[in-house]
Amino acid sequence: MKENIVIIGGGIAGLEAAGQLLGLGYKPIIIEKSDRLGGHVADWNCLFPDMTPAKDVVGRLIAGATEANIFLNTEISFVNKLKDSYNIMLSNGISIITKIILVTTGFSVFDASKKEEYGYGVYDQVITNRDLEHWFNTGNDRRIDDCGMNAVGFVHCVGSRDEKAKNPQCSKVCCITAVKQAIELKQKFPETMVYCFYMDLRMFGKKYEDFYIGAQRDYGIRFIRGRVSEVSENIDGRVIVKAEDTLSGKPVKVTLDLLVLMAGMVCNPDSTKVANMISLPIDSDGFLKSRDNVADIIDSPKDGIFYAGACTGPKTVPETLAEARAAALKIHLYNKTMQ
Amino acid sequence: MIYQGKQKIWADYQKEIPDDHWFYVRSCIRQNFFPGAEKMFLEICRGLLKKDFYETEHHTTCGGIAYHCDTIPQETVMTIVARQFALMTEAGYENYVASCITSFGNYIEILETWKEFPELEAKIRELLWKACKREFNKPKYVAHASDLIYKYRNEIAARAKFRLVNRHTGEPLRAVEHIGCHYAKMFPSRSIGGAEYPYVLSGMIEAWGGNVIDYPERRHCCGYGFRQYHVKANRGYSISNTYKKFESMEPYHPDFILTNCPGCPYFMDRWQYVIAETEGKTYGENGYGIPVLTYEELASLVLGYDPWDIGLQLHQVAVEPLLDKLGIEYDPSAKYKGLNRKDIMRPELPGVLRCC
Amino acid sequence: MDFGFKISPSSAINLDNVDTVKFEQLHDMEPDVYKCMACGSCTSTCPANRFSGMSMRKVILALQRGKEKDVVSMMRNCMLCGKCTMVCPRGINTRHLILSICRIYREDGK
């Protein structure tokens, strides 16, 4: 089993696949750009639907992958296609020859400042889902008033389902993340009025709908069907949010102490970079293109190159982990056919 | 408010504006509303900054008002605009500058439409030829006149006799800037600063020493809205929009409002009188209103021109409180003296809004 | 002075000014009122809807938006048949809710 297997990206998909491949007797190589493993999930506090601490999940995955060859702070400089393999040159000067590459480059969080009308980066009291999660982790954010806030709002679909922002796709996890974060805020500040501005609530996963019912019934979180059209700052620094309450057909406005933008998932520019290096096609949604979006989501159109996780589109944590396991098995079977 | 956040956005919406040689077209209505504004624009650009600005008495309306009121089809507007371009071509110019925001929006919209539908441009060329035997080149550059004052703002600041500073307190004056809708909302990329946080007027205010107020309804329409005002049955909508803006800016106590559109200063100025009469409410200090200025008027004031020479006596809201803050001396008895000291007669004073 | 036109009232709902005291009172009696997800099943099945406009969905929404004046009179059209309770997917006892609304939001304002 000397065959090299290169995993590009040390997020949860890369870690889980590495763990599975180690179990199958391989010695995979993980190339990670940043200085730590776990990707976006490592920045998160708790995961829906059971409020599992993200650090437990990431910790288990890292523990399962420690035997792999892991290169942190490492990028791919270039890739040369050889006859039946690839020569991957890393930024640390090491080169690897491999027949099997697993792309687990994941997603990027949409840059919420691109939605100029929401004022992220301009108004003090506008933050993102990621900033809020950071606060859950560290308790450190001067924008969040620990003495309690009168009203807080969540804006769904920021940079998702938005052709003008060049992201027509649904980011899938933001609805449930907003419900989760709204509940967590309400637990910390029971007196605070919490509004969610949504277009549709896409509660597709296991126990998501229970979460939604709980948010309404147990926490009194108010759901307003209407996309926020503009945000402005008040004289006292609070933000005024305008939307249409589409269920009553009337414009609605409200003054909030904090506005949380649910920034969506967009294709990681690093995925596109890797795709260009090994001539992988990009799908019409901007994510990497699978051989088939129904039956072969983890197969690239090229032999020996596989995908797992959000590089092919927005995914939840369990979906990503399932794909990573499937990819490990697929790589195992592919390796057998090569011999 | 994070000022650097706005600067980041402004950096995305900058445009290279040619420095000189412009074909200037006036607005249909500004000469009646604010008769000094366009005169002062040419005076500053030609007389003071020694730039080449050409204008011809043969140019007409751009058709924008009729277009936006749905009374003429777009082909007609395009043919009118094509004739304006023909006048520019005949005069040997390539840079076209419009005094009016709706004209500016209209020109940009038409040029963009022709880019997408070249067959329409061909048809308009044919219509223009049939109508008046003229041909035209499309302008290389279309600017709004406020873009040019923005471009020249530092040169104006260097020559300024007054800064936008309250001489009693030493504090910068608080200014509301209001951008005409058709300046950036249709084509944000053709503006300075974009549509959400436009910089064209803010840049002037900052360069001349003032502070810009960012109030919640800053993006809202002034209330003119063509079909809102011109159809009398809709006039309540017009004033309601203006009222909404004033209610929103009131807590910030603005010293003045700066505008770059023909309709905005007019409606924000005149509706203050109507709001005072119907609601009993005024927004300035001591029963006065908030003075509303065009960018040319403000440039002229900081450059030290006589307020009555630039037509400020035709404003409904008295500008004297602002002149006092700026430290600009004026002769109250000369207020209603027109050109060559001709008596233009004192207007009747309103009941609620304090005017002198 | 009469100019022949005046400032038009705004139709916008300002959530800052909504008085939620009565709705909270209602919520204490009927905790499930928070569970409505505005699916409209109650309205589509309501025998009074097609001739009177009675809509339970609209009532629940309007009460949360401080627009009780628009909807409380709607209650007079309800025949308490219970069909809405039968169809509600969230299991809200709408029939009981209607009686509670009538108790709290009396039209005479007492």
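We call the chains A, B and C, going by the order they appear; numbering starts again at 1 in every chain.
In the analysis below, a residue touches a chain if its C-beta (ideal position, glycine included) is under 8 Å from a C-beta of that chain, and two chains touch if they have at least 3 such contacts.
A quick note: this is a predicted structure, and the numbers were derived from the prediction, not measured.
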If a chain touches chain A and chain B alike, it appears here: C
Far-end chain from chain A, centres as C-alpha averages: B
Busiest interface, counted in C-beta pairs: A-C
Mean-CA-position distance for chain C and chain B (Å): 47
Rounded Å distance between chain A and chain C, as computed from the means of their C-alpha atoms: 39
Overlap residues in chain C, where contacts from two or more other chains coincide: none
Contacts with 2+ other chains: residues of chain B: none
Residue numbers on chain C that touch chain A, as the complex places them: 11-16, 27, 31-32, 34-38, 57-58, 61-62, 64-65, 67, 90
Interfacial residue positions of chain C with respect to chain B in the complex: 1, 3-8, 10
Residues of chain A that touch chain C when the two form their complex: 151, 195, 212-213, 216-217, 220, 222-223, 225, 245, 247-248, 250-255
Chain A to chain B touching residues, read off their complex: 113, 116-117, 119, 121-124, 230, 232-235, 237, 240
Footprint of chain A on chain B - complex, ascending: 1-2, 5-6, 8-9, 194-197, 214-219, 251-252
